[in-house]
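Letters A, B, C, D and E name the chains as they come in the text, with residue numbers starting at 1 for each one.
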Amino acid sequence: MDTLQLLISGLANGCVYGLIALGFVLIYKATEAVNFAQGDLMMLGAFIAIGLTNAEYMGLPFLPSVILSIGIMGVIGYLLDRFVIRLMFGQSQVAVVILTIALGFVIRFVAGLIWGHEPHALENPMAGGEVRLGDLVLGMEDVAVIVVTLLLTFGLFAFFARTKLGLAMQGASQNQLAAYYMGIPVKRVQGLVWALAGAVAAIAGILFAAKGSVDPSTGLLGIKAFAAAVIGGFGSLPGALVGGLIVGVMEPFAARYIAAGYSQIAPYALLVAMLIFRPSGIFSQTRVKKV
Amino acid sequence: MRIVFKTDYMQDIRPWKDGHQLSLYLILLALVVVAPWILNDFYLGELTNVLIWAIAGLGLMILTGHTGQASLGHAAFLAMGCYANVILLEQGVPFVLAFPLAGLITGIVGALVALPAMRLHGIYLAIFTMALSILVDDIIVLTEPWSGGVSGKYVGPVSLFGLEIDRWGTPWAFYWLVLGVTVAVTLGYINLLRSPMGRSFIAVRDSEVSAQAMGVDVARTKTMSFGLSCMVTGWAGALMGLYATVFNNETFTVIISIQLLMMIVIGGLGSIHGAFLGAVVIGFLPQFLSISKEYVGMVFGGSSVAIPGLEVGVFGLILIAFILFEPMGLYGRWLKIRTWFELFPFYRKDMFKRQKSYLKTERLR
Amino acid sequence: MSDALLKVRNIESFYGPIMAIRGVSLDVHQGQIVSILGANGAGKTTLMKTISGVMDPEKGQIIFADQEIQGQEPHKIVQAGIVHVPEGREVFPLLTVDENLSLGAYTDIDRARVERHRELVFNYFPILKERRNQEAGTLSGGQQQMLAIGRGLMGNPRIMLLDEPSLGLSPLLVQEIFGILRRLNEEEGVTMLLVEQNASAALELAHHGYVMEVGRIVMDGSAEDLMKSEDIQNFYLGVQEQGVRETRRWKRKKTWR
Amino acid sequence: MSLLEFENVTLKFGGLTAVNDLSFEVEEGEVFAIVGPNGAGKSTVFNLISRFYDPYAGRIRFDGHDLLQVKPSGVAAYGVARTFQNIELFDHATVLDNLLVGRHRHRRTSLLSELFFTPSVKKQELQNRHVVEEIIDFLDLQPYRDKMIAGLPYGVRKVVEVARALATEPKLLLLDEPASGLSVEETTDMRWWIDDIRRQMGITVLMVEHDMGLVSGVSDRVLAMADGAKLALGTPAEVQSDPAVIEAYLGRAA
Amino acid sequence: EVQGVTDTEIRIGSVNDLSGIFAAVGAPATKGANLYFDKVNAAGGVHGRKITFITEDHSYQMPKAMQGFNKLLNRDKVFMFMQNLGTPMNIAGFKLMDPKGIPNVAPLSAARQMLQEPMHNKFTSFASYYDMARVGTKYLANEFGGKEACTMYLPTDFGKEVLEGTKAGAEEAGITFAAETTHKPDESDFVGSLSKLKDAGCDIVSLAVGVRQAITIVGTAKKMGLNDMKFLGTSASFLTVVAKVPGGVTEGFYAAASWQDLWARADEPAPKAFIAEYKAAYGEDPVGFSMLGYAAASMVVKALEAAGPDLTQESFIKAMETLDYTDDLVGNHIDYGPNDHQGADKVYVQVVENGNWKKLYEE
């Protein structure tokens, strides 16, 4: 029973990692850039939702404000690409990584300025609700996280695999020059993906803030989600989910069964071990170059 | 424009282009040597700090800039060097020995870390090293008997050839120590780059397949690069420890790893100059912002910190500007400025306009 | 003669401080095949890239169907009907052959036509059909070249820029490629600008030819005239007295330099 | 004993047999060419020799050594150098540095002595440069000596690849389509270079090439492959007149 | 010539966290202190000297903290330090302050090392984490008959100190210490740890984790139905927001701290005046740490006044040792003496009730 409870809550938690990881993977899949500000975008999305929903700020009803914040974050994502990232078009990936890290600084600063540094929780109709299956308890928020993550993963997966635009995004990430030769508006496509990543970040942020609370440094969670994406095989959407779930499930079990002092190391130790045995993750996205 | 004619193989081999360039470097060296007489304690301390960061930057540059292996975990090796140095000192090993050994130990550990990391590429290596950096905090706590755990360690003044070196008591002596290490590391780096080993690093960075076809053992080369990189980083860590005098598990965080990488990218990947330029930005810009805040405050009134964290926000914006303005790093920009002067007045206005460039996947190895 | 479909006027292109194209002008008329000859580094590839918009010219104009297109975003130029088959294949390595072809038809919204084109490509290059689910990056060099050409055909072009299409193809396929290009030109009326090292085949196919050296056009004329020129014969067609070269490598100076 | 022995080698990629029970020998001092349709497995043969792939079956011996026992970097140490069909140079280094990497297998100094740039390192470096400059002269690369690879035209890069391979001072040189992308004039140069490489430098050459003019001009023997297996082996004239080769590879007109 | 003092100015430095993981503490504290100093300066300063309060942001990073100390000591030449944040940062700072006798007052860390030898120039405002955890644990054990004490902590100096305090408290109350779990600052799921503690039979659990994590732990425990487990935080979790979490998640959460909550006493005169003053100055509500910053500044000013016009580090330290007053704003009593450099000695155990902190006990 105990084990089952650990498993279920680990899954819910893993879905949050998976959700943030999806944002990483999206951008990577379409641009091969690693967006280190993804965690901070999630934090920003959460704060925007809080700003719209919570009584002390605007106090809008939950559902419209959720939709609105997802929209706003989509626009922010797009604008970020349009006015910052795009200036770096064709430049080395390391430079883009550094750029997004610096962006993270700025986002954290702005959020701190607007909402302060103390934790905020999102007021939401799911709060306190729970689903009971026998002895198992699962918060409403957890159920929402699991459902949304699954839907989003499969939706995005289908988008990349089945649609022309999804294919074009993959092509653009593999060879920007060739993508242009095919008439793909590479920059616009990348803008779209950033918008999408912004929206996904908002969804993750909203669920996270509903499940617990956020403060401006919440974005650091992104690091673990990033680890999850890498475990799954960076660039693979199902990989993001699987990686997230592995880390998520790992954590409660480690905390339960491994001695204090060592348990908190488990997810990172797992990551290290994982990379040693599968150097490019579970769903490997890298290939040996044919010469 | 000065045109250098090649008449001798040595012209390619020696580290300076011509006498002119050599004399410039010698003047620079003379200036930094006499710095303690020119600068007050504050600026001397900051210069020391910048040099320590530059050493760490040189360490990471070997690995990332010249071997193409991005590490987001070098703070772990700073920690390693720092602790190794202090623990050796505590065991009564004299500083002359403890310091080089600290680097050596870190280098060996780095090479060992490289063994499992060998099959990793790009982002996977970055996250692997980052995980190490995150774990080092816990490792320090768990190895409390040696590391002092959460209460940390204190390192007092050290003595070198009878000279008392104390960050606060004798800042000039400490500065010279750091300067000496900087110069030694830089010279070693220059030598490396003009030797077969350094070239094999570049070969591995640019194309592993053809490096292999030329007889370069990729695994061995990466191990060497890791080892050297960590050794130098270890020295920087040892100096950082002496600079702070107190440190514990929370001192060498993953944020510092990230800053190290930022530093060399902003400075310019793949050049020694880049490590120094980056160190100035990461090491001194925050202080500069903090100082200029006073003057801004004087002009606009109000002495208090109106917006907490403003400096970090501004710092982030400036970093963004640096990267947008010059993705190839400050050294790239410097080269352009120099060319501009050399070509004067034969330059074209848009000579350095970026031609469109396009990326290809890095998922093929 | 009627106004040209593609007009290049006084184009200059730079790589940083290096001037790679030094004022090139040329015309490609509707329905024609125009060939550009030139040694290594003459700037042929750079010219093609400048036309298709992946490089920005510093000076000059490129006029396609009466529209100035220089300096435009490359995808706009493709949408206008200029399709570039680049030097060095540039396939999408992690996508399958089929997916590569689909992206070749990115600008084409007529599904039936896309499928027709796909069949056509498979018809020309049966090996691609056989390997339609293989990742393009694992194809052999020549197979990738076939894919690059096939992908170009998928784009339903008005004019094709072909940069060394025969690179790395077997002799049999080289013949076939030139046959295919001729058929496309004659049957579908596709206009072509062709860069080829295989000069005799190129001139045989082309209506008109230009010769480039160090960033300039140094010669131009109808394909027949060029073929008769002694310089062209010597330097591009390899018609040479074997005996002279037998003893030691020896080079005749080009008369136009 | 032949210099290179390829014995019953088979290699599969999933369901695809890229090299199928292939055997051939290259004798010391000859120029040996491999021809065949696209996808016949020619480059794969090179990659097998370079040890990038492990064969499914068979043996590969070079100069009396079992190549299957060594790592990819060990192949160069025995004296085998190669070029790549799609060009694999060190893009962010100069032509000179690219060639100097070719000298790696002659490195005799230790890391420590290099860090101090001791006189022995200096002596070795002077020697390396001496060899490399000769090659630069030989292949007419002076104008590009200090240029970054990234800015060189395709044809020049092909030549730099040959130069880099020569800098290793190999016994056996593998050239994968050395003349593709070269103009007729440049191809002629390449022909004389290959000739000189064999005659003056005494290096055995194994070459994949589609330009039949070049193949018949320089090679002593030609192996024609199709679908990973041997189609014909003999003098250039014999192979060129083989009906199977004409059918699969050359076409009627050639 | 006294460092940092002229006829018209006293320079006070602070190495603080305005943008890092403890910005939630450092930023409001700095604002609170500035508010008070501005007020004093507007009224003519202390003995005719205006106070310049210079804060350097270290983002909770050691190298930056060292740069901050270098600037404040060597460039700005400050007279003293006030509310330096972070245990390792303070300890590193001591190495520079001690030789020059520079006072370090009211650091934003409640570690016992804040009063390490030489204690002469060091003054803390509050009880240590150790004492908080000790008193809190003892109280819960005695009051509710808890049997097994446990600790969930970040393996840092802060965490270890709470762990030790909890063990000491358990011993004093005569109960056993049963189990401990360790965490990372980015951990956000505690089901595993809590079920471990459940199995160990813990009924008193002290927390030494981040604010957000403390909220999540308490909430998760509720969801898991661990209603008999009493959670005890220290001053690090003693924030108004913790009491105000929507849905009553933190109802019944205990905290042991050296002061009392600001908003729970918002109707009392001193807090009320402060809230109004703060709002007027910054246009936003103060939080607990704003109050502490304000109180620290007022304490320093009291000592500066008492030290008289001939201000030296020594005279300031002497003056500090004479302070003995009740601080109505913070709700505690401050007294120092030659051998007592800890201001408030009392620990208050408080609990969240109806969205507010309520004082239950003091020792």
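FYI, a residue touches a chain if its C-beta (ideal position, glycine included) is under 8 Å from a C-beta of that chain, and two chains touch if they have at least 3 such contacts.
Keep in mind that what you see is a predicted model, and the values were worked out from it rather than measured.
Counting hops only between chains that touch, chain C reaches chain D in a minimum of 1.
Compared on C-beta pairs in contact, A-C and B-C come out with A-C as the pair having more.
Separation between the centroids of chain A and chain D, computed from CA atoms only, is 47 Å. We define each chain's centre as the mean of its Cα atoms; on that basis chain A and chain E are separated by 34 Å. Centroids of chain B and chain D (each the mean of its C-alpha atoms) stand 40 Å apart. For this pair, chain D with chain E, the centres built from the Cα atoms lie 72 Å apart.
The set of chain C residues touching two or more other chains comprises 15, 54, 93-94, 137-139. Residues of chain D in contact with two or more other chains: 43, 52, 84-86, 88. Annotation for chain A: residues 109, 112, 174-175, 177, 180, 223, 261-262, 264, 285, 287, 289, 291 touch two or more other chains.
Pairs of chains meeting the touch criterion: A-B, A-C, A-D, A-E, B-C, B-D, B-E, C-D. The touching residues of chain A, counted against chain C in their complex, run 164, 167-168, 170-171, 174-175, 177-187, 285, 287, 289-290.
If you check the complex, the residues on chain C that touch chain D are 15, 18, 37-41, 45, 87-89, 127, 138-143, 145-146, 164, 167-176, 197, 199, 235-238, 240, 245, 249. For chain B in complex with chain D, the touching residues are 9-10, 12-13, 188, 191-192, 194-200, 202-203, 205-207, 209-218, 224, 228, 270.
Residue ranges of chain D in contact with chain B, taken from their complex: 50, 52, 71-77, 81-82, 84, 88-93, 96-97, 100-105, 107, 109, 111, 114-117, 121-122, 124-126, 128-130, 133, 164, 168. The residues of chain B lying in touch with chain E in their complex are 40-42, 45-46, 49, 134, 137-138, 141, 149-152, 154, 168-169, 240, 243-253, 255-256, 286-287, 290-291, 303-305, 308-309, 311-313.
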